[in-house]
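Scrolling down, you'll hit the structures one after another.
One chain, chain A, appears in both complexes that follow, with chain B as partner in the first and chain C in the second.
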Partner chain A sequence: MQKDVKRLSLILLFTPFALWILLLIIIPHMGMVVLSLREKVAPRVYEYGLGNYIDFINEPIYWNTLLRTGSMSLLVTVLALLIGFPIAYYIAKIAGNRTRGALFLLCLVPLWVSDLIRAFGWILLLRETGVISSVLQWSGLVHEPIEFLYNDVTVIIGLVYTVILFMIVPLVSTLDGMDNAMIEAGYNLGGSGPTVLRRIIIPYAMPGIVSGCIVVFMLTAGSYLTPILLGGKNSSWFTEQIYDQFITRFNWESGAAFGFLLLVFTSFVVWLGLKITGQTLANTVARS
Partner chain B sequence: MRLKATLATLLAATILSTASMAQAETLRLLTWGSYAPDELVKKFEAENPDIKVEVTFSNNEEMIAKLRATGGAGFDLAQPSHDRIYAAQLEYDIYKALDLSKINTDAMEKSLLDGVKANTTIDGDVYAVPHQWGTSGLMADKSKAPDLKSWSDLCDPKYKGKTSMRLKRTILLGTAFAMGHDPFAAYSDLDKYQSILDEVVDKLIVCKDNIKAYWKGGDDLSAMMLSGEIVGSETWDSTAYKLYAENPNIVFVPPSTGALAWIDTFAIPRKGKADDAAYKWINFVLQPENVTIMSGSTGAIAAVKGGLDLLPADKKAAVNASFTPADIDNLKFFANIPPGVEDMEGKALEKIKASTGG
Partner chain C sequence: MTTSPAYDLECINLSKNFGPVRAVDDVSFTIPSGSFFSILGPSGCGKTTLMRMIAGFEDPASGDIRIKGKSVIDKAPNKRNVKMVFQHLALFPMMNVYENIAYGLKCNGASKAEIEARVRDVLDRIALPDVAEREIHQLSGGQKQRIAIARCMVLDPDVLLLDEPLGALDLKLREAMKIELKLLQHQFNTTFVYITHDQSEALVMSDHVAIMNQGKFEQIGTPQELYHAPNTSFVAGFVGDSNRWSGRMTVINGDTATVETDAGLTLLCSPAGSIRPEAGQSVEIFVRPEFIHAHRQDTSPAEDEPAPVNQLDGKVDSLLFNGANSRVLVRSSSGQLIEADVTLTGGTDDLRPGEAVRLVWSPQQTMCFRT
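Moving on, here comes the complex of A and B:
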């Protein structure tokens, strides 16, 4: 009897999660895989085959864009970590109890505004007739209007700004759980600042770093609005290719193949990152 | 869990609202932004109290994608451009044949009606009738770029960093015309069309250096033009007309090889559920007093007899400032897109976007 109740409650608790995964993640992705294996031979006639994937391999534009998206996403991840870590450390360890809440809230505020509005905010600041260019001219530092928009640097700035919160939150929560005595002990034993950081703080924060990096990398590689709006003439982003395949070229089959390739590629990068840094999901993310 | 609760509430709300509207018929309109001004929707609902109008704004590609996803369900009336009917119907079977006897075709401009019919007839069935037409061409600030007349002038080093275009098929076609080709004629011979496209791609890659940025929608184009960051661009005429109202130096320039003309149509999705309401809406917006309201909102010219005269005064002034009768005669109507061309053009655009020529 007791056992049955236990089992029932387990099933009841587990069902929403299982349904979520099954209905919203697994089934759509299976649909995508099936769709990606179809090739159009004539109007309304389809055959199964690997043609869409072969097209991808044969066309350098596609895999170049994918590699570009991947490397820029990695850069964004590293930048977000470098900028986010000191902020998280300050919030978790240095700020007083009262300011901590306020600071955390300040980090959250930008998230209340939609991606689109935030991208437009950057556009207003950076465009040739925008705020920064006008201020520079007014102050006499430059004499010609400067265009900051429409290049890769802007895309990186915009993306770091959009995703940095997802780096800060897991870092704060891991660092928060760290006993200050550990840091003190490090100093007492004669460790210098960098040594304490390298030998004590970073290893302790590793679960937060890994999960933050994974989330940020995935979000960046899959982002659409920011690279489109801030990007320039040459900056194609892989999600844009997927959109084009689906919407402007009516080629759902190759769009699905691209979508699936993006998933495989980003998963591979995450796996590689874990391998290289000698981390596993089990002892990092699962612990955070 | 929160999300699930929200979903459940939404679902319940949807069921409730559908149930309460079961009496009234709903006309679900899938159209372009500004093609269903509030004023007209209210007027239509007042004249037909049993019909409620729901509007979804979209564009050509998304309209077809939406209808394709459902096999033509979810909407009762769609308004894609005339070149987007034939191939889409052949490939995806998303439209329903029109019953022309229910449409007041006498009110329509005959040449446009015949043109659309010729483009959208499959096995003797007509799938679309014209609604509004307009052109794609160039826009220039007369005070800064008085000589901008041809598609290729956008690539003139004189305007380096001061021009823009949208990286879509219009600029491919325009550039092909400017290079002395007739891309529409080449649609029947895809090998020839490919060779034209290759030339166009080379030209536009070289041209990249000259372009400030590719615009993506009417808003960013307007901002660049009004702020003076660019002096000329490829554009929709309606965008240029709107800017003309704010700065009379900014005019629409029909390219010397002819502006490219599109006609937005009425087409009924295959699984539409309110055909009668759809026909009522079509006939409603054909009435002269409604045409003026519609054109005021869209900035395009209605495909009715005397459509030009029914434009609101400010739009009429903008059109007259741009077009001479010779320009009108020189219009190049977008030809039906045969299957396969979308892919070729898509690849061409990707090549341009990915190249680092600029």
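Moving on, here comes the complex of A and C:
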């Protein structure tokens, strides 16, 4: 009786989760893999084969875009970590109890606004007739309007801005769990500031760093809106290629192949990152 | 003020405020080399704050701290040769035992061979030679304790600070670690400053104990001095068990005084404390349970009982059996419960609850302090 109730509640609890995984993650991806293996040989005639993947390899623009997306995403991840770590450290360890809540909330505020509106905000600021350009002209520093949009630097800034929160949150939660006495012990035993940071704080925060980096990297590599709106035509983001295949060319088969390639590629990068830092996914999830 | 390096640690008029709270108030003390010094006080009296100032984590508002005769006020925490064992030990969970102990040596720039030799040596000394490669979570509570001490001792500190290091342990382990700590201190021959709010820890282990209350040191002395000759009523009440009365002193005659308690009892007592009470003042009276003798009212007391004694009649409320430390709780006619040591042999002679008893004790054992 007791056992049945337990089992039933377990099933009830797990059903939504299992459904979600099955319907929204597993089935679409399997469908995508199947789709990507189909080749159009004539109108409405399909054949199974690796043609879509061979096309990808034969066309340097495609894999260059993928590599570029990957490396820019890595850069964004590193920048988000470098900027996010001090912020997270300040929130978790230095700020008083009351300011901590306020600061954390402040970090969450950008999430209140949709991606699209945020990107438009950047556009309003940065375009040729935008706020910054106008102010610079008005102050006499420059004499003609400057276009800040549509270059890599702007794309990276915009991306860092959108994803940094996902770096800060796991970092704050791991650093918060760190006993202050541990840092003090680090100093007490003779460590200087940099030593304590390198040998105690960073190793302790490693699970948070890794999970933050994974989330940020995945989000960046898979983002669409920010690179397109801030980078324009020459942003060359891989998601743009996928969109192009699906919507513009109506070539679902190759779009699916691209999508699957993006997944494989980003997973590979994450795996490589875990290998290099000597972390495992299990211990990262357990401790952050 | 002396600067003789015979003292490992000197604190001179140290004070510290947290906003309106005066956590440490004008504290001065000196600790001779190689001794075990405890600071005993109730929760929130400023013990941790005092220790954090010595370690350099808090800046004192005023005063000076000298280690081996040299002022360390301007030195950063990592430049002071004072090591600290934290309340929850603060071992580094991402390092194994060996790395934990080696951390401080690496910070000092010791060579690999030297680190290896010294870590092995200190592990031998704490009698845990085989745990070097273990992770911290694979150690027992008592082992963690010893590793935390070894991690400090491997650096040859001038003073080792311990902030209630036994607080997290269960009772049985605490008892064992008490003796262990004392032995370790002997072995390393380093000055230990031990913070606790557990008086039995302080009394058992220490050469000297300071009693702290509300940021001030009430008294510094050997455990025996504090127990038998307390300076203030706070010390008398805090160290050891006591029966207490409050009242007013009516007559004082040399070493004995007569006090009328609030419950209307007249007691003879000896004035104590650094400021002696005077006639007419309100006082507090302390009598330790081991000095009170309880016997049945129908039996007469021993013939050689000294003449002027304090007497109190009452009924046995309950017996607290604890082997050789058994006590009897007696309810006096005014309703107060009084504790007295008794010998319970298990025979028919023992006192039983409900019996009428008379309590007697001498005025010399009746300490009376000005309030």
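Everything below uses one rule, namely that the second predicted complex is superposed on the first by the 281 of 288 C-alpha atoms of A that agree within 3 Å, B and C clash if a C-alpha of one lies under 4 Å from a C-alpha of the other, contacts with A are read in each partner's own complex, and residues count from 1 in each chain.
Here is the rule we use: a contact is a pair of C-beta atoms (placed from the backbone, for glycine too) under 8 Å apart; a residue touches a chain by one contact, two chains touch by 3 or more.
Here the structure is a predicted model, which means the values were calculated and not measured.
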item: First, second, both or neither for A:16, with chain B first and chain C second; value: first
item: Partner chain(s) touched by A:190 [first = chain B, second = chain C, both, neither]; value: second
item: Contacts of A:199 with chain B and chain C, given as first, second, both or neither; value: second
item: Chain C versus chain B, contacts on chain A by residue; value: B
item: Which superposed partner A:181 touches (first chain B, second chain C, both, neither); value: second
item: Which of chain B and chain C A:211 touches, first, second, both or neither; value: neither
item: Which of chain B and chain C A:150 touches, first, second, both or neither; value: first
item: Chain B and chain C footprints on chain A, overlapping residues; value: none
item: Residue ranges of chain B in contact with chain A within the complex; value: 1, 4, 61-62, 64-65, 68, 88, 90-93, 168, 208, 211-214, 216, 220, 223, 227-229, 339, 342-343, 346, 349-351, 353-356, 358
item: Chain B-facing residues of chain A, complex; value: 16, 43-44, 61, 64-65, 123, 127-129, 147, 149-150, 228-229, 232-234, 236, 241, 244-252
item: Interfacial residue positions of chain C with respect to chain A in the complex; value: 55, 57, 76-78, 82-84, 86-88, 90, 92-95, 103-104, 107-108, 151-152, 155
item: Residues on chain A engaged by chain C in the complex (per definition of touch); value: 179, 181-182, 184-192, 195, 199-200, 203-204, 206
